[in-house]
Amino acid sequence: MNWKDLNIAVVAGDRREQEIARCAAATGATVRAYGFPWPEGGIPGVQLCQSAAEALDGADFALFPIPGITAEGALFAPACPERIIPDRAMLSGMRAPARIILGWADPKLQAHCDALGITVDEYEWDQDLMLLRGPAIVEGMIRVLIEHTDITIHKANICLIGQGTIGSLMTSTLIGLGAHVHVAARNPVQRAAAYAAGAQSHGLDELAALLPTMDIVVGSVPTCILDRELLQRLPPHALIVDLAAPPGGVDRDAAKALGLKFVWARGLGMRAPITVGRSQWSGVQPRIERAMKERK
Amino acid sequence: MNWKDLNIAVVAGDRREQEIARCAAATGATVRAYGFPWPEGGIPGVQLCQSAAEALDGADFALFPIPGITAEGALFAPACPERIIPDRAMLSGMRAPARIILGWADPKLQAHCDALGITVDEYEWDQDLMLLRGPAIVEGMIRVLIEHTDITIHKANICLIGQGTIGSLMTSTLIGLGAHVHVAARNPVQRAAAYAAGAQSHGLDELAALLPTMDIVVGSVPTCILDRELLQRLPPHALIVDLAAPPGGVDRDAAKALGLKFVWARGLGMRAPITVGRSQWSGVQPRIERAMKERK
Amino acid sequence: MNWKDLNIAVVAGDRREQEIARCAAATGATVRAYGFPWPEGGIPGVQLCQSAAEALDGADFALFPIPGITAEGALFAPACPERIIPDRAMLSGMRAPARIILGWADPKLQAHCDALGITVDEYEWDQDLMLLRGPAIVEGMIRVLIEHTDITIHKANICLIGQGTIGSLMTSTLIGLGAHVHVAARNPVQRAAAYAAGAQSHGLDELAALLPTMDIVVGSVPTCILDRELLQRLPPHALIVDLAAPPGGVDRDAAKALGLKFVWARGLGMRAPITVGRSQWSGVQPRIERAMKERK
Amino acid sequence: MNWKDLNIAVVAGDRREQEIARCAAATGATVRAYGFPWPEGGIPGVQLCQSAAEALDGADFALFPIPGITAEGALFAPACPERIIPDRAMLSGMRAPARIILGWADPKLQAHCDALGITVDEYEWDQDLMLLRGPAIVEGMIRVLIEHTDITIHKANICLIGQGTIGSLMTSTLIGLGAHVHVAARNPVQRAAAYAAGAQSHGLDELAALLPTMDIVVGSVPTCILDRELLQRLPPHALIVDLAAPPGGVDRDAAKALGLKFVWARGLGMRAPITVGRSQWSGVQPRIERAMKERK
């Protein structure tokens, strides 16, 4: 089996999927698409369908978007007028042994796939893909900081709360831009990594003493660390950015009541769709290749 | 003579003047303001006037904005409904020996000042002030690049044409963000500085060979280097940014005809008005002090 | 129980132990020392002993050096004329419940401690301590590169094989110095991290194609990756540095036979003994505090 | 006239001249050499002579080393057992219209050349060549700092006094290594450039207050700024490095009397002879080409 014999469906998503579909078609596979913004002039080798079911019909592989699945089970497809809910009927046209490669599947999608014998291949937690799209996320973040401040990042006092994969990229990028970066984290290895990268590192118990001199606070921890008491310690001009998934790491009501600037920086993944689409494809392609090998 | 005895007028400008007026008032001087956006809650110690003439009445020093003066002789004051043209009547209320500190004066303003015995003190060409506001301009530029591209700055091929004071800050910042930076300049010292900073440097005659692999081109030379012939060599996705003052360094009509993305990045100086206002004040304050000393 | 009541022995080591002993004495504890180079003028509050047994007599805690233990069971003590082998007699004078804090213990030392009821507390694999001494190791490495090359690190082509904790610090530091850094690693997460940091990343199977253009190769993988076949592909001026523990990651005989410059960069941990001693103490101190709490 | 017809003499110098001679021979010119360390295996296309006079006999161009000329008029040639003093006899064999390209000429050499009709072409003050060899000098400096300190550059407090071409490269490199860099300079443009690059900048009058917290001081100003009074304010562990040409910018006797570590970092230009030789050649080659054109 080789790429020329493959049918690939790219369904839902945003501008990143344009690049993913382009990369998929460049392998020689037959690629059909639905549910993401379609560029003027089309995409070489990619066929636009009228529905998700049509795109999936006969597909060996289906590629669904990264950001996963909304509460109702609809795929992320902000530019699509219709909600795309991958139900049993829609998926039944895929060609066995079918495989869906996507961020992560909710229990309903998983149940349909189990019933239809479709393999679900999730990559949401692949740390290498997260790192490859890391610079795009960091640049999206930089833009948010530039847009919402009246001072420069250069020489600003910035506190990052939490220091995971993206957090440590952010630390080194902000240091490179000349900021005074403080990292507050519970994990001593993360604190040591931030120190080695040039930041000043702190335990979470030092936040109360630290915040009065900060200009910008960026949280990436999904539990509410910036509560009212801590928020009160910030200077009035401070910008607070929350990168965490809902419910987030900031008491937004308190921030509002205190008159602080607050930005919920979700959707940073939409920055640089070509770069990110390409990096996603670099994770999708070997998964397809592995699956093809197993079939032989 | 000391600060408490001084009357300072801050007239025209944008949000940077808020910070300049705040700094001026912090010295203890009497500060009156007109023609720049007035913040909710006012500025401690600064009195808002109803006209430029009122603000200038009795002033020892007048501070006018950086960006100089439009063709008609009006001061830069984008948020002021009325045009502020500093004519003889308006300036005649200043208290001798009066002094106007500003970017630069056009011949009309200069003539009025000569007639009235007002000293004109220009700082447009102070390289130290340009460097102090450099990071703000570079960050404004970074934002433009992030807003107008579908790829990351990280690993992008970026060509900077020209390499003056701001250009070399841009080079090192873009390198720090992971870009592959190419600098094309006529001056061998600028080329050598770019090389030492980590860029690849080129003569202007190498542009034709270089452009086909570039993702972003940033020009900061006021003569038209990017003509139709060179623009044709760029790939279709390339972003062109012109930092030069009018008439600019890019054949805009040709860029449009070729369907290239073009951004005229003027007004980057409005990024980070607090930082920039403060750095402007750091240049204005010693000028006032020197003038006070000379008067004794 | 508090610091004033503690007896701490600092035995063996190098100049780092001077700083560790100094930090230990600054807590108010009684500190006795033996087996590391003794500074002219002594160390405030630290008492030099005539033998390891004397230093250990009555000690609640013994601090032994990081680099662990030689094959014969002797402690690392390069400046000590006598070999210090911690046998049962030497350790028996410690005050119960005694604790030895050290890099790692060999089976003999472990057996003696088991017999005597002494707790062994190893920190060799603490990633936070490794990160805290990371900049010292990287700077030691930078010095090795500068000493052994006729070209600058700036613009040199450098290949790092392996990308662990120290390797990734080295990547970002060398990029900061202007090198073209290539990272070859088996692990895709390490490769993605190197890419995000600005390097070019490669699989190990790409080494053969990569090496002919490299100026410097730094290996930090403990298995022999740079075999004769790969070494032959290097240009004659290439410098090879091996950071791996014995037996190392380079076929040294082949490197010699090929006339290549080869440096075995062990002992980089001796760079910056004050910084490193202090960071070691930052790991030792909380271990002592935890042990004291448990005793209450 | 073209390269094949040229006779070039490379006389005196150190290992940099090996690379200069190699580059010269690569043009096709006839190259004869004397007075610099001769590599085992020779230099392709370069002929080693027995004396300076022999190398110069019939030469159209003579290349003398960068560091100029000692007090006695001898050329810089540390590895040459004999002193090479370019007198009238030695130079008289050059082929008219002869040209000597070198750092700078002392009055005696200039007089001989005037008498013999030889053109003297000095490049000591070419800022572009200084920048091109800048990274080599900075790396030599980094090595000095690493060799002479017990703390890391990372997080060290470093004060640079003076901020010329090389000084500003040093500032950005040290910041990249994680140091806290303070720049003290008289010139406000240099101070502003250091600030924009991420350093803290100070007037010289702030040194007295600054020095007590510094770990390392690097001077590059040729007048004695670090006098006894300022040196006394340094902590006992401070390292002082003087980059300035004799008589230097530090009261060395006072530093000695105070027991401070002092390094006179001359000869940093000998770091990375291949890179530096090549960059020197990039300045020499166009000079030869210009001279050839003028002769036509």
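We call the chains A, B, C and D, going by the order they appear; numbering starts again at 1 in every chain.
Following the convention adopted for this analysis, contacts are C-beta pairs under 8 Å (C-beta built on N, C-alpha and C of every residue); 3 or more make two chains touch, one makes a residue touch a chain.
This is a predicted model, so every value here is computed, not measured.
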item: Same vs different contact residues, chain B with chain D, by half of numbers used; value: same
item: Euclidean distance of C-alpha centroids - chain B vs chain D, Å; value: 38
item: Separation of mean Cα positions, chain C and chain B [Å, integer]; value: 51
item: For chain B, residues that touch 2 or more chains besides their own; value: 135, 154, 178, 196
item: Contact graph of the chains (line, ring, star, complete, other); value: complete
item: Interface residues, chain A side, partner chain D - complex; value: 154, 178, 196, 198
item: Contacting residues of chain B [partner chain D, same complex]; value: 127-132, 134-135, 169, 172, 188-189, 191-193, 195-197
item: Footprint of chain C on chain D - complex, ascending; value: 15, 135-136, 139-140, 142-143, 146-147, 149-155, 173, 176-178, 237, 271-275
